[in-house]
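Comments concern the structure below.
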Amino acid sequence: MHAADMVIGLDDLVARIPDGASIAIPPDYSGCAMEAVKALIRRGCRDLHLIGVPSGGFQADWLIGAGCVASVEAAAMTLGEQGIPPRFSAAIRKGRIAMKDATCPAIHAGLQAAEKGLPFMPLRGILGSDLLKYRPDWKVIDNPFGGGDDPIVLIPAIQPDIALFHARAADRNGNVWIGVRRELMLMAHAARTTLVTVERIEDADFLTDDTMAAGTIPALYISAISAVPGGARPIGLAGAYPADTAELAAYAAAAKTEDGFQRWADEAIFGRVPA
Amino acid sequence: MSTVEIDSISRTEIMIGAITRMLQGLRHVAVGNSSPIPGSAALLARALSGGELRVSLLGSRTHNAFTDGGRELFDCAAQGRIDAFFLSGGQIDGAANINLVGLGDYPQSKVRFPGSFGSAYLYHLIPRVILFREEHTPRTLVPKVDFISAAGTSPENEYRPGGPYALVTGLCVFSFDKNACRFRLQSTHPGIGPAEVKEATGFEYAAPEHIPTTEPLDSAALRLLRTEISRQVAETYPGFAAKTWGVVI
Amino acid sequence: MHAADMVIGLDDLVARIPDGASIAIPPDYSGCAMEAVKALIRRGCRDLHLIGVPSGGFQADWLIGAGCVASVEAAAMTLGEQGIPPRFSAAIRKGRIAMKDATCPAIHAGLQAAEKGLPFMPLRGILGSDLLKYRPDWKVIDNPFGGGDDPIVLIPAIQPDIALFHARAADRNGNVWIGVRRELMLMAHAARTTLVTVERIEDADFLTDDTMAAGTIPALYISAISAVPGGARPIGLAGAYPADTAELAAYAAAAKTEDGFQRWADEAIFGRVPA
Amino acid sequence: MSTVEIDSISRTEIMIGAITRMLQGLRHVAVGNSSPIPGSAALLARALSGGELRVSLLGSRTHNAFTDGGRELFDCAAQGRIDAFFLSGGQIDGAANINLVGLGDYPQSKVRFPGSFGSAYLYHLIPRVILFREEHTPRTLVPKVDFISAAGTSPENEYRPGGPYALVTGLCVFSFDKNACRFRLQSTHPGIGPAEVKEATGFEYAAPEHIPTTEPLDSAALRLLRTEISRQVAETYPGFAAKTWGVVI
C-alpha cells in the first residue's frame, strides 16, 4: 500500500472499526486515542469487545457509558487516582457487560501468542487463583520438561480485530514512532488492523534514522493513520502534554450516575451546549 | 510548590517507614500502579542506600528504567531480577489470599474492585511480596476472601519462588509464616495496642506475648521523606503527595 | 551496583567468562565483540558452549580454531560471502566439537523462554525436519487448544551463562544503546551475566532521552562494560564503520588449514610478528 | 563505481527474471541472508510494482524495515504478513525436501553446509516459498536428501499454511505440485532443452509434452536491473554484484 493512502480523516479511521469488533486499547499511561474514541461514540458503535492491554481506563469507561461495549477482557479497570471507572462498575453490577478478568502478563502472553502465530503461550503463576475458575479458555498442563507434577498454565492467543492508539508522530511512509511504549508495537503486531492517531506527520523517514528506528513501528503493521493534534487529551501523552487532572476528576465525578454521564457526554463528546 | 507543616509523624509515614526497613540490602524493587505508600518507601529506601537499590516505579516517567513495554516487569520478575514487590487487596485473608476483583458473587460483583492486575503472577515469582492496606478493619482483613485474585500459598509441587513476606496496615505489621500458612503480629504502630489489632482483624493470626512498637523513621529519614522524596512521589501520585505532605506540583 | 564499578578493562571483562561457560554471541550483522573474543583467546579459555543467536560467524570460527570451544548450538555457521567457517567445518569433520543444529526461531524461542522464566516456548513448523530427530531436548505435544491431532513443537529455555556483544555506546549509568538490534536485548534479558564492549561511554543518561531510551538496554541487565573503540573490527558495526572485507577474506583464505589459522592467529590475535 | 559491458542476458539474470515474475501482485516478500539472486529479484519486482510491493531484505541496512530484532521475521511470517520467501539447499530432492546441513552421516558430515537457518520454520509458514539453486546437477538435485533441514510436504493434519511454490535453477523453472508431491517442469532457460534438464536432474519430475522457454526480462526491466537495482544489491551482496554486473561500491 502507498503511504499516501494510509493517511485518512478521523471519521474514516473509526469507520474501519465495525460493530462487534474486538479492539485492543492501551492503558492510560501509554498512548490513548481519546479523540478517536469520541468519534467512535459519535458514530454509535455497538457490541465492541474491549481488550485492555493490560488494563482499561477512561477510554473504556467512556465507551461503556455510551453503550458501545458488549464485553471486556482486562487485568484491571481503573482511573488511577480517580478510582474505579464508574460506568464500568455500574455495568458490572447490572450485568450489562460480560467481563473476562485476566492478569496483566496473561494479556501480554495472549497477544504475544498472536504475534507469533501460536495457539498459546505458557505462563507461570496463576495457579490457585479464582481467575482460572472463570477462564475455561485457560488450560493447565503438566510441564513436559518437568519431572512430572509441575502444572503450568497455557494462555490462548488473543488476536484483536483492531488495535487503536495514539502516538507522537508518523513519518511520510506511514511508520509510527512509539518510543519505549513497546506494548503498542505488540498490539500492532498482534492485531488484524491497526489504527493510529498521531500528533503530527513528519516529512521524514524514521527507519533511516538509527535512533528513531529503534522506537518505530514499521508501516507494514499500520492500516491507517489520522493526524489528530491533542488526540490523547485529557489523558495526556508522555513527552507531549500532561494529563488534565481537573478534567479527569470532573469526568469521574459526573459519571457516578447514568444521568451525569449523559450530561458529560452531551457536552464533551457530542459538543452540545448544555441547556 | 508549597509544603504544609506536619507536627508529628503520620500513620502513613509509619507505614512507609515499616516498608522502607524491609527493603534494606535489596538490589532491585519494583512498585506497581496505585501503590503510593510502597512507592514512597521504595524511593526513600533508594535514597538511604546511597543508590545501591534500584527502584522501578511503574507509572512513573522518570523512576522507571524499563524499555521493553508492558511485559518487561513480568519477564524481569521471572528472571529473578526483582527482589521485592507490593500488593494490596480489597480483601486480604488469614492465608494471605488477596481479592482485587470484588465483593459478593462473581462476576456480578455488588462492589467491583479494579481487578487483579499482575498479582496472580507476581505473587508467585517475586521472593519478597509485601502486602499493604491502610484500612485495617474486619471488612478488609477477612477470614476468607470472596474472590482469590492471587493465592497466598501453593502446594509443594508447584513452581513458586515468590510469595508473601509481610502485611503492613494502618495499625500494625504482620509477618507471614509460610509453613504455618498464617500471619504473625510483628509490631503495632505507636499508640496502637494488640487488643485494638485483634478487634480490627477478621482473621486469626499468631501473636507472641511481647509485641514491640513499630519503629518510626529516624528524624533524618523523615526529613528526607518530607522533602526530596515527597516531591519525587508527587510526579506519579500527585493526589497522594498533596494529601500526605501538601506537596503541589 | 554503582555504574562506576561496571566499567572495567577488557582483560577483566573476559575474566568473567569461566572455562566451560555457555556463551551467547550475536550474528555478524548485529554487534560482535571481536576484540573481546581475541582477549578471550589470549586468555586460553577452554570448553565453551557457544550459542549463535541465531548463527555463528567469524567470532565462532576464531574461538573454534583456537581450541576454546567444546560445543555449538546454532541455526547456521556462516561467514556470509566468505562461505563456510573453515575451522568449524574442519572441527565437525574431525568430530572435535559437538554440534546442536537448530533453526533460527528455535534459538529465539529458547532465549525468550529464558527471558520469561518459562521452561519452554511452543513453535510452529519444524515437523518433518531431521533437526527434530537429533534434538531429543525438543518435544512434540498435541496442541491442547486444537481439535486433537495437531502436533506442535516445544523448545526448552536457553539460558546462557554469558551474553557477549559490542555496541555503539554506554552512558554514565551503565545503560547500553543497541538501537534496532533487539536480539542483543533479548540476549541480555536471558543471560545470567551480560558483558558488553562499546565504542564509547557517554556522559549522558540515555533513559531520560525519549528517543535514545527506545533503543537502550537498562543497566539492570548489564554486568560489566569495557570501552573498546573499534571493538567490532574487522566485522564492522552498523552506523559506525563498515566491514573490512579484505581482512575478512584474508582470514577465510588463511584458515582453510590448521597451520594457516595458527599463523593468522599468531599475528592477528597474539600480535607476534611473523618470522 | 564502474559498470562492465554485458553483451547478452546472463544465466543469473534469467533466474532473476523468472523469480521476479513470481512476485507480481504480492504485498510483501522477505529475503533471507545469503540469497543474492532472490534479493535482486525482489528489489527489481519492487521497482516494477511502483512501490506497491514491500521488500524486507535481511542483512541489508537500508532495505529492511524490521525494528524488533532477529525474531521479527519469524513472527511476521506467522502473522501471515509475508507472501513469499526464498530457500536454497546444498541438496534439494524430488519431494522438495531441502538439506542445508551437510553431506554424509550426521553429525560428522563429510561436507558441512552452513545449517538450516530459518528454513525448518519459514517453509511451513510462508505461502509462496521459492526454491533457488543455480547449480543444476545430479549432485544438488537428488532423489533423497542426506538430511532434511525442512520438509517439502506435511501430513494433512499438521498446521502448514506455507510450502514450496517453485524451484528455479540455472537451467529451468519447476513448479511444485503439492497434491502429487513432486515437481513439474515449467520452462527451460534459453538455449536449454528438456533433455539437458533430465540429464542434470537426480530426481523424477512431471514434464508436459510442450515445454516453453523461460521468458527473459524485457529490455526496460533488464536495464533497471543492471543500473539502479544492481547498486541496491551491492550494498548487501558486494561480491555478487561485482561478479554479476561489475558493480563496485
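Chains here go by letter, A, B, C and D, matching the order in which they are written, and residues are numbered from 1 within each.
Heads up, the rule we're going with is that a contact is a pair of C-beta atoms (placed from the backbone, for glycine too) under 8 Å apart; a residue touches a chain by one contact, two chains touch by 3 or more.
Fair warning: this is a prediction, and the values are worked out from it, not measured in the lab.
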| item | value |
| --- | --- |
| Given subunit A and subunit C, the chains that contact each of them | B, D |
| Farthest chain (mean CA position) relative to subunit B | D |
| Computed distance of Cα centres, subunit D from subunit C, in Å | 28 |
| CA centroid of subunit B to CA centroid of subunit D, Å | 59 |
| Whole-Å gap between the CA centroids of subunit B and subunit C | 40 |
| Shared interface positions of subunit D, touching two or more other chains | 66-68, 74, 78, 125 |
| Multi-chain contact sites of subunit C, meaning residues that touch two or more partners | 117-118, 123-124, 143, 150, 152, 180, 185, 213-215, 238 |
| Chain-to-chain touches, reported pairwise for every pair that qualifies | A-B, A-C, A-D, B-C, C-D |
| Residues on subunit C engaged by subunit A in the complex (per definition of touch) | 117-124, 139, 141, 143-146, 150, 152, 154, 156, 178-180, 210-215, 238-239 |
| Contact footprint of subunit C on subunit D as seen in their complex | 33-34, 59, 61, 66-74, 78, 100-102, 106-110, 112-125, 147-151, 153-154, 157-159, 237-240 |
| Complex contact set, residues of subunit D against subunit A | 27-28, 51-52, 54, 62, 65-68, 74-81, 125 |
| Subunit B partner contacts - residues on subunit A that touch it in the complex | 27, 29-30, 53-55, 74-78, 80-81, 84, 88-89, 92-93, 95, 98-99, 101-106, 108, 112, 123-131, 134, 143, 149-152, 180-186, 238, 245 |
| Touching residues (chain side subunit C, partner subunit B) in the complex | 1-2, 114-118, 175, 185, 189-190, 207-208, 213-221 |
